[in-house]
Amino acid sequence: MGAAVIGAGYWGPNLARNLRGSADWELMAVCDLDRERATRVAESVGGAPVVTDVEEVLADPLIDAVAIATPARTHHGLVTRALEAGKHVLVEKPLAADRAAGVAMVELARERGLVLMTDHTYCYTPAVLRIRDLIAEGALGDILYVDSTRINLGLVQPDVDVLWDLAPHDLAILDFVLPGGLSAATVSASGADPLGAGRACVGYLALPLANGAMAHVQVNWLSPTKIRRMVIGGTRRTLVWDDLNPAQRLSIFDRGVDVALAGDADHAARVSYRLGDTWSPALPEQEALANVMTEFASAIRSGRPARTDGDSGLRVLSVLEAASRSLAAQGAPAPIATTVPTLIGGAA
Amino acid sequence: MGAAVIGAGYWGPNLARNLRGSADWELMAVCDLDRERATRVAESVGGAPVVTDVEEVLADPLIDAVAIATPARTHHGLVTRALEAGKHVLVEKPLAADRAAGVAMVELARERGLVLMTDHTYCYTPAVLRIRDLIAEGALGDILYVDSTRINLGLVQPDVDVLWDLAPHDLAILDFVLPGGLSAATVSASGADPLGAGRACVGYLALPLANGAMAHVQVNWLSPTKIRRMVIGGTRRTLVWDDLNPAQRLSIFDRGVDVALAGDADHAARVSYRLGDTWSPALPEQEALANVMTEFASAIRSGRPARTDGDSGLRVLSVLEAASRSLAAQGAPAPIATTVPTLIGGAA
Amino acid sequence: MGAAVIGAGYWGPNLARNLRGSADWELMAVCDLDRERATRVAESVGGAPVVTDVEEVLADPLIDAVAIATPARTHHGLVTRALEAGKHVLVEKPLAADRAAGVAMVELARERGLVLMTDHTYCYTPAVLRIRDLIAEGALGDILYVDSTRINLGLVQPDVDVLWDLAPHDLAILDFVLPGGLSAATVSASGADPLGAGRACVGYLALPLANGAMAHVQVNWLSPTKIRRMVIGGTRRTLVWDDLNPAQRLSIFDRGVDVALAGDADHAARVSYRLGDTWSPALPEQEALANVMTEFASAIRSGRPARTDGDSGLRVLSVLEAASRSLAAQGAPAPIATTVPTLIGGAA
Amino acid sequence: MGAAVIGAGYWGPNLARNLRGSADWELMAVCDLDRERATRVAESVGGAPVVTDVEEVLADPLIDAVAIATPARTHHGLVTRALEAGKHVLVEKPLAADRAAGVAMVELARERGLVLMTDHTYCYTPAVLRIRDLIAEGALGDILYVDSTRINLGLVQPDVDVLWDLAPHDLAILDFVLPGGLSAATVSASGADPLGAGRACVGYLALPLANGAMAHVQVNWLSPTKIRRMVIGGTRRTLVWDDLNPAQRLSIFDRGVDVALAGDADHAARVSYRLGDTWSPALPEQEALANVMTEFASAIRSGRPARTDGDSGLRVLSVLEAASRSLAAQGAPAPIATTVPTLIGGAA
């Protein structure tokens, strides 16, 4: 299948390189308003046609799909045009600048029977793919809590706060690995802007999950130490993903708390501990974006939604919008809008 | 000065041993309703008079002070009796089972001119004493955020949730090291009871501080990995206290974000980074409880409030009570009651 | 069975406490020339008869065994007397101050049919017991190399160098866990005395093992960082024991190098890598010295040598003496004396 | 100045890229017998003339210097030709396949007044440059010991053992940072070939330094854990360089042992400990090879030897040759040949 990259900025070269390197795809064009940038990207992958007018791409019958890496505010327009032109679409996160636009894009893709995939790259890393499998096969049991920490000395963004900048990664991963996806009904958000930067530089999200479980996300632009860690506690085992420890990225602890079924009042007596082994699976060395390209092609060929389809992008957007409302209300829980297309279409 | 220990349970032996080992104190009695327990404690410190009736202790004119290590629900009654008998009091945390009782105890001590000290032992560790000094001398600059994590595989307590069980440590430390003490006006609390234990086993507190800063506390009874870490980010430097890393307990990072004073809109441009050295001060080996005994004696002698006086115990209680209300409201911010005696008496 | 502790110095209290706490033993006496020291030890375990004349202990028919914790130079005399009096003996490491004395002690015990056990306490830690089992059951395959590191800021001893002070631990452990015990024929030792302390403060031992394998030991009194780590590389798996990491003391890496059987010259082509999982077994919490007491009793009852018998103490001594000769020869390999009694008696 | 790269294999692209990126150099040619390989390298840096005949390079008057990245056995011939053609030379490590060839190359460069620089890249990393400065300014005091560990799961090389493969890095660094360079008179080497690979896969070097100090190097191809760590103990402070810990690559411990001057026999009493702070300097982010190119140009311009000149390459070769002799003698110390040119010319 033929594909074009639209947008030759920060992420475009990675998309072009992985399309070029994929057995599923032929890179047909690199498109950017700035011909020089597009040319640089095309040359960096050994040469490819350069286009400055996106209409040219959309009109090309040999191009089956486009990979869009332009600013978020342009996603709605570009994705709509591409879908109307009959192209399958892979789009960078966030799916759109606001939820309403995202809903329209998802609905359009469904109407046209085209694949709309959100590039939640992290979900295709060997670590996250393995976490998803481990949870799906019951290795962790029922999920009790998730704690995700993503902190670093990071640029204070001019247009978005730290929740919109960093938490999409955590939310997309949660949506990918949790059995029912990211199904929280409300979110409580806290944040701080201690530098007077005009937006939160430190943020926390609490997402009550089903059956009393909870997911918590901590993001921070002001931390001199860099942490990217997710802990997923289950009734059977607990998993720790430490993305900055290449020697032991995943650890599965066969330790936990057992609660007896007896309904008596003395809860301490009902609880016992299990101190078992720790296990750290070997992970293959794979570039996540190569897996993205394979999944994109596979979804198109089999006419199924991609693993990280437009709906998943929409669920992330819905949480972010609710988090902003909760942040404004100092942590009061805000309801998360339900992904309408999913309810109506029932297709996801 | 003469002192008696009241309560020969879990903590009593430590109090007795440190009173015995202190140059400031003479251990005059170990008191417990259970004579056998009291005897065991007395023998473990090389012998001391054993008493089963607390009135005997309170009537003894050679006893200047009592150290109370009984269950929280008994604190109000015992402390009140001791203060009325003219004894200075060191009492285990929490100060009382509820805030109203705590207020009454603090007021009574103030009326009688006696020292009422809360045994916030952590505050007297070499690490926390050093943190207090570093902040006081401006080494960190203005505080931007505090992140405290205290997680472990812990017993599900029969009477209190994880916030009341573990967060008092973090709150007492914050009250001790922050320039103005624990002065938050509201708290947002989130928690989860995924085991159906009848109380939160996972909890989070967000405390907005002055000038846009925020303190956050994370506690968890269900974590197979044990973490006791506090990060204090400041405008000049950031401190990390990793209490489980004896080789490098404190690290001070001379790294951070500088925000220019210009009022323009492009905030990213206003921010710059400082990548400096890291420094880890050597800490003396001291038992915290020995420092507690010294402080207790010193406060009595000089007629000043102890560093962790009844008011500090009360501020911790006030946050916990507000946290319980916020937890019930799914994170909606709850106002923290002001410590009345401080406002009226103005003595702290 | 009745037992007495001889020597109430640094280690004596631990022996007394574990004999007292053992179901196999009755603590009959604490013996020291210094009555006050002996009394302190006896009281610390809740009381026991105090004796100052060792002959009194040896003459007591209710005392079946003695645990000796006196300076090394006194071991030969005391152990000989005890064995001649028909007592089983547990003796602190090193077995004796020199190999010849050790040989005589081992031979005497064998003649008398008594148990002579060396207190190689480390061998009875849960970690080392597990390592021994893992190797015995073939989990590591054939041993390829062992790297043991034991470094710290340590006291420069007045009478022994760093090899004699610290390496006995490593050598005793190697003797305990390696399938054929510590069977090296030679040792090469290097060392340095950069402070002019009169003896090596930094030392290295290289011990060629069977089949081309090698054990290496690194000890150092001058290191500001403390490391106690042993790596045991095998054809199937590699084990890392990090004694200072309680959260993950043992790690078994299912990674390694496979060498094909083909005899061609291009060795690089014959070698392939296996990147498998890492596994960290849970270890029980046990005091090693309690296990020592159980083993001592069990060996006596069943009339078998203790796991760490006199021969093992002798093998450690033999390596140390050879190491001193190699050190004097700047690393030239020195032959390790064979344990004569084993060869003659064939009993170990 | 104009430069050509000779050899378009593994390292050639890095040389080409850094010459191209340097303000000091103009990349005039990429030379390889294999035109295709040379072309690939030239294209990867944005285009450069491609040459297959090295004579063409040497005849070009616009080329002042050559950077040679060909197999070690070809160094002697190529470097000799280049020097005879009047070119300055940067050559990959090892300087030559044997010491005699290295001596001839160094002498020739000296005769012709040309710069012969060994590409000991590690020496130009920010960490090693800082270590050199710290030692030079006395921050560590006198050096007591050096422990260097470089272990990994590595390819068993077909032509060299693990000492020749990995230890050159450690030796080059030692030569660079130690005040008098790598001045050991003898070396003791131990090694093992437990896989029957035909050469040592595990190796140890002990190098007695001046004043009783010692350097020790541990290398291993069979380790499932990767360690690259150097500890440099000094009378004032001890430095730990952990190259795999980007968050704290260098740590300087202000802890150590003080030995009093008194000449009495009781050495334990003469020794005291200093427990001070730990300090971790921030290091700039620099590519080491860019620093190499700057140093190469600077040495040529100022007519001085490069920091890692031919003599340093020769000292490394001398140790390796002696180590091979010691290895064959099971650790017996082997004398290290003195670098003749230095003695005669006195220029280094």
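Chains here go by letter, A, B, C and D, matching the order in which they are written, and residues are numbered from 1 within each.
What we mean here is this: contacts are C-beta pairs under 8 Å (C-beta built on N, C-alpha and C of every residue); 3 or more make two chains touch, one makes a residue touch a chain.
What you see is a predicted model; the values in this text were computed from it and never measured.
Engineer: Shared touching chains for chain C and chain D?
Structural biologist: Per touch definition, common to chain C and chain D: A, B.
Engineer: Which chain's centre, taken as the mean of its Cα atoms, is farthest from the centre of chain A?
Structural biologist: Measuring from the centre of chain A, the most distant chain centre belongs to C.
Engineer: If you average the CA atoms of chain A and of chain B, how far apart do the two points sit, in angstrom?
Structural biologist: 40
Engineer: So what's the Cα centroid distance for chain A and chain D, whole Å?
Structural biologist: 45
Engineer: Between chain B and chain D, what's the gap in Å when you average each chain's C-alpha atoms?
Structural biologist: Taking the average C-alpha coordinate of chain B and of chain D, the gap between them is 54 Å.
Engineer: Please list all residues of chain D that touch 2 or more other chains.
Structural biologist: Residues 225, 255 of chain D each touch two or more of the other chains.
Engineer: Using the touch rule from the top, collect the residues of chain A that touch chain C in their complex.
Structural biologist: Its residues touching chain C are 248, 254-255, 275-282.
Engineer: Over in the complex, which chain C residues touch chain B? Could you list them?
Structural biologist: Going through chain C, the ones touching chain B are 225-226, 247.
Engineer: Which stretch or stretches of chain D touch chain C in the complex?
Structural biologist: Going by the criterion above, the answer is residues 142-145, 147, 153, 155-158, 186, 188, 190-199, 201-202, 204, 206, 208, 211-214, 216, 218, 220-225, 231, 233, 235, 238, 240, 253, 255-257, 259, 265-271, 273, 326, 329-333.
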